[in-house]
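Note that chain A is present in both complexes that follow, paired respectively with chain B and with chain C.
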Partner chain A sequence: MEKNLLEIKDLTLNFYTYEGVVRALDRVNLEVKEGETLGLVGETGCGKSVTGFSILDLVPPPGYIEGGKVIFERKDKRYNLLDQKDSFLRTIRGKDISMIFQDPRSALNPVYTIGDQITEVLLLHRRVEFCKQVLSRKDLTRYERSLYMKMLKSPSSLTVRILSAIPILNRFKHKIEALARAEAIKMFKTMRIPDPERFLRSYPHELSGGMAQRAVIGIALACGPKILLADEPTTNLDVTIQLQILNLIKELKKDFHSSIIYVTHDMGVIAEVCDRVAVMYAGNVVEVADVFELFKNPLHPYTKALLESIPRAGHSFKSIEGTVPSLINPPGGCRFHDRCPYAMEVCIRVKPTLVELKEGHFVHCHLYSKGSE
Partner chain B sequence: MSRLIEVRRVKQYYPILGGVLRRKVADVKAVDNVDIEIEKGECFGLVGESGCGKTSLAKTILRLLKPTAGHIYYDVPSDVLERITKLEAPEVARDMELEKIQSQLKVEKISVSELEKRQRQLKADKTRSQELKKIQSQLKAIKARSAELEKRQRQLKADTTQSHELEKIQVQLKADKASILELEKRRDQLKADKTILEESKKIDVQLKDVKAKSAELEKRRRKLKAQKIKSSELEKLRNQYDIGRHHGKKLNKMRRKIQIVYQDPTTSLDPRMLVKDIVAEPLTVQKIAKGTKVQEKVIDILNKVGLSGSHLYRYAHEFSGGQRQRIAVARALVLNPEFVILDEPTSAVDVSVRAQLLNLLQDLQKEFDLTYLFVSHDLSVVECISNRVAVMYLGKIVEVGETAQIYKNPLHPYTVALFSSVPIPDPTARRERAVLSGDVPSPVNPPSGCRFHPRCSKAMDVCKREEPTLVNVGDGHKVACHLINA
Partner chain C sequence: MSKKSATSGKSRWQEFKASRAPMWKEIKFTLNRLKKSPLSILGIAIIVFFIILALIAPLIAPPVPGYDEYMMPKEKPYGSTPKPPSPEHLFGTTPYQYDIFYGCIWGTRTAFRIGVFVVFFGLLFGLIIGGISGYYGGIIDEVMMRGTDIIFAFPGLLLSMALVVSLPSQITIIDYGSIRWIVTLTSLDKVLISFILIGWPNYARVIRGEVLRVKNEVYVEAAKAIGCSDFRIMIKHILPNSIYPIIIISSLDIGGIVLAAAALGFLGIGSPEGYSDWGRLISLSRDWILPSNADPLGYWYLFIIPGIFIFMFVLGWNLLGDAFRDILDPTMRRR
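After this line comes the complex of A and B, so read on.
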């Protein structure tokens, strides 16, 4: 439980746009422990999704990672994911770390069935296992056996690739595809999807939003990832469907023992699913704490304001003055100082550091670091 | 408080076209027989899942869509409204009966098809009757043979010389007797087993009954449909007050009084128009102001929504999400309307800005004495801002009432499930919740009876057959559920 599975150290990321350099992430530090659910909250443009993308080195241009490390531990070896080659990252993406995107309809390919899309992941990451299973069968022809031997030795073997592109000749693949399909059906059965066979045959447009999101979750969990990045998986769904999906994620987490990084802007969802929360504001992590601690005892002025802006019956709406600053020319010092009711003179000049105030409760604010200085 | 809008039995169907000739093959019943009353000066919340028809209803009230059926009375003096209600009464009664008959017919149709299916199954089960026939023919053959044998035996008994043949015949006769006994036993068994036959007969009777009943219903339906209830006075009043019938200049004049703020300001504001033109457009369309007066009015309203004259010469994309929504609000309010429809005005903006916007809307409501229809799926926002709430499910209103009452004491199972699925921002309040299984059914072919019954945990037998009506349970709290009516 206590071991760090993923550590993000001083991650800095810029977007080079025509208007200027957008400083989207400014020395972000985070860690994900084994088996926990970490929530990332913040408003639009605070860098929460980009943090998720940069873990898998998927930041779209014109975004570039300027510095920092993303350290991932696999089989007792520590890798900095930002230094690795693409070929290595491809063995991690979808297998050790996988992602659920916000909009299931744009995350799924509209011209392939759900079955095609989930077997693609399974065949990519579990080819060796499936090849061995196929080879242990007795009814293989010599032609098939030789091809599967080749596939086992080198997955990107030229002969296999050429043959699988030719119709009729590529029938040898049916055996391994059938295995992957069976695995996919097993997966969707654990997700309690009615009639998984039919579900595999359907195209994304035939599914409702909730079912499509379930397909995406199934694809993400197909290879039993250690870390699941969920980027606002329920934002576009209705509350009743959202509850179904949240319950599903909670259950699957128990079954697969994965850690989850849950990106959202909804404090209600955070309270529902997370163990620890990191609050982000304008490219900075401003507070990290246990959920219970954060909701009971928020320390950073932004967190306080965010919690107060949740509408509650019988109270007037409390809002945060001003708007989120432009990150092209972010305010100096603490980026929240121009909206902060407690802003001091130091806040304008010096950027605060993330200080551990209590055990496991970190704050990024001068109000608290003053005492320790 | 007096009534501002009275929506009566409004239907909004979208046709589905199909075939080579693009003929109408079905209807999407987005709004189906909805009654709503909105008082002057209140904020009326309309909540429901996506696809339940809340936006369609809002657009129909705004008359961006012409209602398929039903009436929308806007700002009618109470005595006239009473008169209309009185005049409408026979028509309403007829419509109610028609509706009831139609739903009954639907149920009858289902039961007819079920019975016929069973009948076919029974008829297919022919093995029994075939066996009976076979046994009877066998019996006949054996009996004939043994009679012959007995005759021969009597002959032989007289003549003692052929004892060998006699013995043979006797053995044969004995065997035959045994097989006759056996066959007869089986025959009696089969004959006694009349249940299947009886069932089939019973089904025949039932079918006859049901068919007769549905024929009668059909007759009644035709009669009702042909029946013309016309009152020239009612027609006159309707032409005068029903927005659903307005057109041309009259409708255009109406539009001054009813305005809308859309969900997403990036798409509802023209990207190629300056703010001053966006906000001034309603004024020029309605020919309210000209020349320098327009500018004055625009600046005035921009100040009211928290923007200033310095924003006049900018495009919509230069603003943040919250400011853009303020521009949309300014455009809606520049005509000084009485009634504003807010169609999810806060779902496209951030949490911190959302509160600012809601505060602004509340202030403006007080200042301009506005009436709001607040359409949203964000239940916590609706709870804070509206006085009364209506919950919609699949084109129907399932529950209406005072906000506090509905949130504290929801009665319809759907409302209960909907409210309990809102995540509470408090980790100590994690709890077991009523999870609604499945998705919202298609509004093209909604379930019979209560539309919620396939997902309802408390569904009874009645729910499949009869559609519940909105029943007042006290203080204007109305629920459409058989659990309450019973």
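After this line comes the complex of A and C, so read on.
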């Protein structure tokens, strides 16, 4: 079996709002294996995206991580990302774990060209590598050579930073920027974008939604991340573009050997791209299984209901009875009990645990834990 | 053959040219956009005209050797009746025979000094304070914004008058006996300082609002997700997105501040008598604006000519403010 690249253990997260404490995540457990695509699926507001953000420790302000661990393995060392320093996290964000956002247009900074934005990531994380390449050139002036040596020794050297802010004196930057640009062009060529040079020169508002999403994906993959968090990357695109982007993500995954955490509410997309699926409901992971297993043999009542609620031609689809519970005052016991057709007396009192029923098929429900007792 | 020439010195020039090609394209594009808005061109033309005027002031109005060049020369005999424009005095003279032409030309330099200096430092303080308070929020925000509220609570011109009067002429910054650093403030410096002190809260407020808006944008979140530090996010991602309104406001303000300085000058606060300052120039001839014993508009040159200078200067900056918006904002420019 492949080893786990990322483990989320007992992650609990609250939002402190005016109305009260929103218990957005309640002991979430997840594992991501090397090279797999894990789908996170669930209704709006069930905590899918927040799980993604907490992996990067970037939960927006009223949110606060109460407990749990996010263990990430890098170079055979295991780090709990939640208690690392910010400076360490910055070396992981964008390099080892990167993110694709839902709305590509608002995820790109409107005042910079695509080229500026992708070279920014490349220079943030691969500066040393580019420095070495520049230094191996013969045609450097003494001024440039000394600066690049300095940059190689300490990437955040103050002299270099000050000089690179002064016009004319900052010409030395062009060499390293040209390398980063060449790398970006190579990147976009593998993504089969026509005329990548022109693409790099364009501003976000000049691109179509699909092209903008490609730019975002390019930026996310620029440093060859081990884990790619895709937060509903195709939700705002129309269906033909959606398919292209999904195919692109699948292909790039092969090229870059990264794991993907794919957050979506669309079961069709899950079936298309994912290897394993985690179903979330109201801040809990209720079922984790292989994608074929899940569609063939759903165990949790919520998963069953979710699969039945996919509209299909010729079938009448059922919606799930009741509404999503308020997370300020979540139902005790199993959070699904008030909408569950199989609810028992124990469901109201006791929170079920995640049980492995078959190999790799976990369920969070009393229906099955009772059988094993 | 082409490979051989690619390694020669000429190729470096070509490489340089190629690296600059996008920049040239942008500049051409900018000029093209400007062509479409004649008012922006007018604004730029007016400001360029004033800049040239300020630069060549010693040539067209040579100062009297031995005197401060900013002081208007006086002509003897010191009669109290103004003289109309004549070949010796192109724009005439004020009462007590100050040369209006000289005052208007050198007053351009004073106007630039006041406007640019005040707006630059006001903007700097405003950017730092507004930016920090917007980005970090919480208690820092609260303290800084209440500070700006205190200044907003006073009527601006009145507060600046009070400050000008109360500021000392000499400020001792360090006094170790042998090492001494004393700053002497002229009365014009006091005006500048008082304007900066009452001007920055305006910028701070606008910038804070913009930063609050921009910092919740997804691209700032995205910048965090690629591993940018706080400082980098503020400088590279938030600042360029929040600065457009401020650039326009500050360009309008340069005009406004020159106007306010002129108002102070007219009231007799600020630059000393005889200093080349448009407001002060009009103030000198206060009694002759509508004289009761003579033709009411007979002395028009005393206030109309410096008035035109003030008017054109302010108009130029206002038009330039609109031009800035057209030039700078990339979401505005490519549609």
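By our rule, the second predicted complex is superposed on the first by the 372 of 373 C-alpha atoms of A that agree within 3 Å, B and C clash if a C-alpha of one lies under 4 Å from a C-alpha of the other, contacts with A are read in each partner's own complex, and residues count from 1 in each chain.
One rule holds for everything that comes next: a contact is a pair of C-beta atoms (placed from the backbone, for glycine too) under 8 Å apart; a residue touches a chain by one contact, two chains touch by 3 or more.
Model, not experiment: these values are computed from the prediction.
With the two structures aligned on chain A, chain B fits next to chain C without clashing.
With both structures placed on the common chain, the touch criterion links A:Ile219 to chain C but leaves chain B unconnected. When the two structures are aligned on the shared chain, A:Asn329 is found in touch with neither chain B nor chain C.
Touch criterion met: A:Ile310 reaches chain B, while chain C stays clear of it. Applying the stated contact rule after C-alpha superposition, one finds that A:Met99 touches chain C and leaves chain B untouched. In the superposed pair of complexes, A:Glu43 makes contact with chain B only, with no contact to chain C.
In the superposition on chain A, contact is made by A:Leu108 with chain C only, not with chain B.
When the two complexes are overlaid on their common chain A, residue A:Gly210 makes contact with chain B while staying clear of chain C. Contacts of A:Asp238 after superposition on the shared chain: chain B is touched, whereas chain C is not. For the pair chain B and chain C, the least inter-chain C-alpha distance in the overlaid model is 8 Å. Comparing which residues of chain A touch chain B with which touch chain C, the overlap is empty.
In the complex of the two chains, the chain C residues touching chain A come out as 19, 22, 217-219, 221-229, 236-237, 240-241, 330-331, 334.
Taken together, the chain B residues at the contact with chain A in this complex read 49-50, 320-323, 350-356, 358-359, 362, 377, 379-381, 383-385, 403-404, 407, 417-418, 421-430, 433, 435-437, 439. By the touch criterion stated above, chain A contacts chain C in their complex at residues 56, 58, 60, 89-95, 98-99, 101-103, 106-112, 120-121, 124-125, 174, 178, 201, 203, 205-206, 216, 219. Put simply, chain A touches chain B in their complex at residues 43-44, 208, 210-211, 238-244, 246-247, 265-272, 274, 291-292, 295, 305-307, 309-313, 315-320, 323-324.
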